[in-house]
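Next come two complexes, and both contain chain A; in the first it sits with chain B, in the second with chain C.
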Partner chain A sequence: MNKKLFEPPVIKRMHTGMPGKNGTSGIIEPISHIDNNSVSTLISLFGSPLFVLSEKTIRETCRKAVDTFQSRYPKVQFGWSYKTNYLDAVCQVFHQEGSWAEVVSGFEYDKAIRNGVDGREIIFNGPDKSEEDLIKAANNHSYIHIDHFDELYTLIRLAENIEVKPRVAIRINMETGLFPKWDRFGFNYENGEALEAVRKILASGKLDLVGLHTHIGTYVTSTSAYRIAAEKMAAFAMEIQGKFDKRILYLDMGGGFASLNTLKGAYHNAADTTPGFDQYAEAITGPLIRAGFDPDNMPLLILETGRALIDDAGFLVGTVLATKRLADGRKAMILDFGVNLLFTAFWYDHMIHPVREMTGTTEDAVVYGPLCMNIDMIRDQMKLPLFQKDDHVVVSRTGAYNMTQWLQFITLRPNVIMIGMDGKPNLIRKAETLDSLVQNEITPDHLLP
Partner chain B sequence: MKNRDDIYLLKQFRNNKYLGEGLLYSYSQVFFSDNLILSVLILLVTFMVPQSGIAGLAGVSVSLLLAKWMGFDKGTISRGVYGYNTLLVTLPLGLFFKAGWALVIIVLLASVLTFFLTVFFRNKMLKSGLPFLSWPFVISLWIIMLAVKRFASIEFGDQSLFELNGLYGIGGINLVHGVDWLNRIPLPQGLRTYLISLGAVFFQYNLLAGLAIAAGLVIYSRIAFLLSLTGFFTACLFYSAIGLDINTLDYSYIGFNYILTAIAIGGFFLIPTTFSFFWTIVIMPVVTLLAVGMEQLLAPTGLSVYALPFNLVVPVFLYVIRQRKSRSSGLFPVVIQHNSPERNLYAWSNYQNRLSRKASMLFRLPFMGKWKVSQGYNGKLTHQADWRFAWDFIKVGADGKTYQGNGFNLSDYFCYSLPVYPAADGVVDSVSDGIPDNEPGDANVRQNWGNTVILKHADGLYSKYSHLKPGSIRLKQGDSAVASRELALVGNSGRSPEPHLHFQIQAEPDIDAATIEYPFGYFLRYNNGTPSLIAYSGPNENDLVCNLNADQLLRRTLHFIPGQKIRVDYLESPDGKLMQSEWEVHTDYFNNSYFFDRQSNSTAWFVSDDQQFYFTYYEGPKDNQLFTFFSACFRVPLMFDKELIITDQLPLSVITGSWLRWLQDWMAPFYLFLHYAFALEFLNTDDTLDPSVYMLKTSTKQSVFHKNIQETEFQVEINRGGKIRINSSGKSLCLTTIK
Partner chain C sequence: MSIHIKSGLRISDQGLVFDPSTGESFTLNPTGLILLRLMIGCNDENEIFRILNQDYELSRLEFDRYLLDFLAVLKSMQILENEA
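Up next, the complex of A and B:
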């Protein structure tokens, strides 16, 4: 029999609070293993903090998403949103699952090419594409999604000197009932700007209009917004076909599907509010199926969802550096990772799991990171079990955005491992060292030590 | 002027070529054959008694000219259909009677009479789907033989008695010696009788004639020859068993009845199989019985039975075969006559393997995406008795479970609320709606089908979709259902403890109607993630299946319209010069489409439906471009999928001039050791979104006892705009559809 754990006694004010759907129980499920690998072993092998990705979860989520859409629409293509997580290993898993690449900068474009993606399977989005980027993408037959008129004019000008006809789509923003409206990207549908852009593209004769693109928002939990967007996109495609006798080959419905992370300030737990893939799929494919396209020649439906495909597959594993009590009596816990690695802590109330079994006794606590900056706070308030120094913790659902938006600030970035289909951990990004940090620095001779 | 005359003569010759063909094939038609060598051999045999040969040739000519003059179908004339009975009637006239005007008149009249009888019997028997064989011959010759007894001016000749005189006339003393030597070879009595019976078909009672015809038979068809031996020697055995004298066969006209009956039943009108051989053996005593009985009946008239037993037994037997309810006895009537037992067998077995299960309606799976069959035909749970031919479809997740979470809610189930599509276009026959979905685990046994749609596709062909979600049915009774338009959503109504789609085909419209066995057109079956294309079959329990979604480029390029022409540019060898030819696309009155290459007179039959392009048969020489196209694109699914590998079997009849094929023919009815396999895989495309070309790799492989002996690989490029390029070792051709 194991020795009983000692937890120091605390005096705490009675506070029943509002019982949620699951009552007020404070027990947080421990995560002791990730894909059958003991978290403690992983830390001893790869250090702490540590990002752990599960290849099995990525593949299963991806297949589930593809299958959900394919059960409702005959031609479906996913494009892996590089900005969500562009570690090579992650991208390759998606490409192996049949995803194209969706990139939003020249560097991401090059990374996709470097990953062996055929130029004809790269979607180039975003408001910032340099002239060199545009020429490169056009020559590779990639799909350039035009964001604004200036880009359109530039591309028409560049097309004069490009041998191939650049293949383009226009990004469209529209009223879908969401607030705030994402009208900073693309051409507006309701005021006729989008139609104007199409007219200019076709009139120029220099560009090959192949698709339409919209991306109505991020972390969108309302499926009706997607339904409206799909209706408008289909209607617009039909309008273009009717007015200009131009068949639109694909409709890119973008991404923005919510994951199961709870947003800060949300009243309900995300598990209760986030729609499943089937609900998004139902909302998007229904209007497209019924839009009146030639059933033998439906436009390809492209989806660029990133977050919903990878968030669940990522875990951030760390160690408790210290616990302390603040001046106002609140409990505080300091971890060896903070907003530098868990950038999404700015948006989400991340769930912090213990690794070992703990009692149901919890106490409201603040969770801080290791940075000596006041902003470095992971949770401003969370009912935590009574952690002690050197306990390990696991933050679940950290696959999206963290490995691209992480900061090299005060600390260096740690190892990233991916647990393969065979259950064995593979190091997919080595921890940064001082050398990797300074390798691009140039110190003038007179400043050398 | 001379030049124009030449052209005129050439034209005349070309226009009347069919008469020449008809003349020749009248000789081989006696053995149901269109083999040129056999025809020539028989022609030579008839001239062993020159007067008989001349009479025969004259008689056939008269019949054919009459057919031409009266305006009969050229194709039928050219196959010798109108000539062979006349031949059989006029040959003995030339043999028995003395030359003279009387004989000329008799031959002429006999030809006219036989021709008329041929037309009469052919059309009367054709209506009941039976062959008219040599009825006109038997009846004509009887009438003439009876009639001439009263004609004073006609005299019996002695040619048939002094055969050697005739031979001396043709081949000099050497031929006479040769025949004499041959006659003295100590052959077993049975074999001698067999050969003489073969000669007797053309009224030549000598070994040389028999040998020549036997050789011709082997060249025409190994199976026919084998059958002739089987038939004849079975009869011999029966003779000795029953106590009849075999030697009577030597001088009566009976022996060939066994031979012809055996070929007709064992291999020509039925597919040659072990069973057809068995029945050939069984039927021989019956033929004997008829022959002996009829002989007794006709004895007072002095007439011979000729081919009467054969003419009676074959149609009666075929008629009996046709009346069967089930085909389980292994006897298969020939539907498309290829004029040779081998070709009939190879075409039939190829059809049997590839297309026999094809139904007239090519149903699609009634959903999109990959689904799993949770219960198939004869399922243990509910697909039993009258309802055994049905399928239940569900969706499964990565762990094999059909739901996520705890499965307490309907929405936890992957297939719940997924759209259901009509399996084919049709009309909504009835709709039942308003039955609530059950909680998971519960089942409504009172309204066991739940919400159901029944679609009518044709008279006696209905499809049924059950356990649908209440209120989700988009069509009402009488509406047209289109395969591409959503029908309803998957629900959990009726006897359904968890959401699933029940699908079945039935012959009647009632909701409780019994199911019928009816295949789907095409679908993909996934095995460890690798798809295989299944045609004309239904999925089995636990199969993971998905529809084949046809690709526009492949569909358009491999869609050929009757009347279209196809330009063929080709290089015979890498440094050869560029050649050009043209094919035509035709569709005959049976709706069979084919490519016809006039230059080489070859034909390749094909089918192109919405989801697959494939060839069914090829006829003609094998060293031309059409055959390359036939082999390279034997079966092409109209869907691009790099993981898909297609395999198929070419008909063995397209292998010609190979000793292996010759060897195979001898045992083909019993065992096939020779195989001709086809394989296809997709290599690449230039663009996933908007492809303009697909690259394929195909191959054909000949194997003996599963050991490869010859392999040909083809690189095929299918382009947008109707261009198909085929490259194979040293060969390169490009097909362009001319719009």
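Up next, the complex of A and C:
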């Protein structure tokens, strides 16, 4: 006689009261395959934990975003936000899809050049550009987005000794109804600071003002904020043209589009609140179309959205190290990755999927990472299937920011693979080793063993 | 280890548990229901394992692990009266 499988026994306290608007269902669909590759096989080949990227999803998402904007506005250019994920393979996919590079540091700038991006197709943002960075970017005809007056005056001074006239834009912060207001970046629109910056640039005669840039926030779900920003950007471009007879060639609306990850503390699931590309596009392009620009010389619309283009393409695969019971009776699960690799766990309630089919029984649990640090918590509460030691798990929507903000802390960073358009896995970043980790360390002679 | 489940619990065939002394209710999954009923009728874990092992694919190590965890939850819910 075949014996039955014994599921771990579970008892749960019943809570009275009304269920939330999303009901009480906690069924989490398993993810057994990613782009037709068995997750278990990927782990046996590349180890656990493991980041998996889908080239197909990146390309499809990118094309959808580009098509959505191009169908509403005649001149659109995307710039791939390097800080969101600057693994070379990822950047190259975006560049192949026609994206320029949008960088925010000298290191990122050099990475874009190393990736073969023409300097004319690099947008250089951020408050930290060294004089060496500025000279290099100017000589490469890159678009330098000036963040503050100190940078503006530095660039005017440097331009004396640069043969080419640096191509610049100013970053503008403004009131769009969002809180917190991102006034730490750029020049303020409402108090006239941005206009003053334009006046200084034009009066210097040393810089070529070609564009205006704004970036109103991050994970912005309010499309009305983008509409307000687009209206103000268009109005400012028209004002500059009227006052100084200077035509603005492009308006860079930055990024900040939300992804389908749910923010911690959010009442609604992100699927119910995150606008689609079409809604963002409608909010941004409408005011530009109606602004009164010469129809034959509409400014180029640049977008630097990162998160919304890559989040869905990333998966973090891992293994259950242990399950345990906390002193107050709550279930806890320890995974072989934590906030060191899943940095976005600090602000998202990430979805953790089983790899194998599991019964519908769930239990409220806390999910911890492997670090010997109390902060290493991926979920403070989640209805989980009855995971057991050595089970595999998949965290979906991890493509944005994790492979740039991850920490080499206590453990080494793992392999990253990209499943290509042919369905085959390619190793795109090797796991760190003790040797690779210590290669930059120098031990003084008297401390050598 | 001997196991003492609180007396007076009302347990339905569907796995609903009512504790009349506190007014609290609980739900069990099917294996939780079987195990709790066995524990009420028998406080010897070796005997409980023997009975379960007749019908279920279950090693002694797995049983020990599950029992340890289940007892910890029962204790936190004040269903386990006494554990020695």
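The definition used in the following text is that the second predicted complex is superposed on the first by the 437 of 449 C-alpha atoms of A that agree within 3 Å, B and C clash if a C-alpha of one lies under 4 Å from a C-alpha of the other, contacts with A are read in each partner's own complex, and residues count from 1 in each chain.
Operating definition for what follows: a contact is a pair of C-beta atoms (placed from the backbone, for glycine too) under 8 Å apart; a residue touches a chain by one contact, two chains touch by 3 or more.
Note that the structure is predicted; figures quoted are calculated from it, not measured.
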Which of chain B and chain C A:R120 touches, first, second, both or neither: first
Touching partner for A:T361 - first (chain B), second (chain C), both, neither: second
Residues of chain A touched, compared between chain B and chain C (which is higher): B
Chain B versus chain C as contact partner of A:P180, first or second or both or neither: neither
Contacts of A:G242 with chain B and chain C, given as first, second, both or neither: neither
Which of chain B and chain C A:Q70 touches, first, second, both or neither: first
Partner chain(s) touched by A:P295 [first = chain B, second = chain C, both, neither]: first
First (chain B), second (chain C), both or neither touched by A:K3: second
Common interface residues of chain A - those touching chain B in one complex and chain C in the other: none
Contact footprint of chain A on chain C as seen in their complex: 17, 24-32, 34-36, 52, 55-58, 62, 66, 69-70, 72-77, 79
For the chain B and chain A complex, residues of the former touching the latter: 367-371, 395, 397-398, 404, 414, 417-419, 482, 484-486, 549-550, 552, 555, 687-690
Parts of chain A lying in touch with chain B, wherever the complex brings them together: 60, 63-64, 67, 70-75, 77, 118, 120-121, 141, 143, 210, 249-250, 276, 278, 282, 289-290, 295-297, 300
Residues of chain A that touch chain C when the two form their complex: 3-14, 323, 325, 328-329, 359, 361
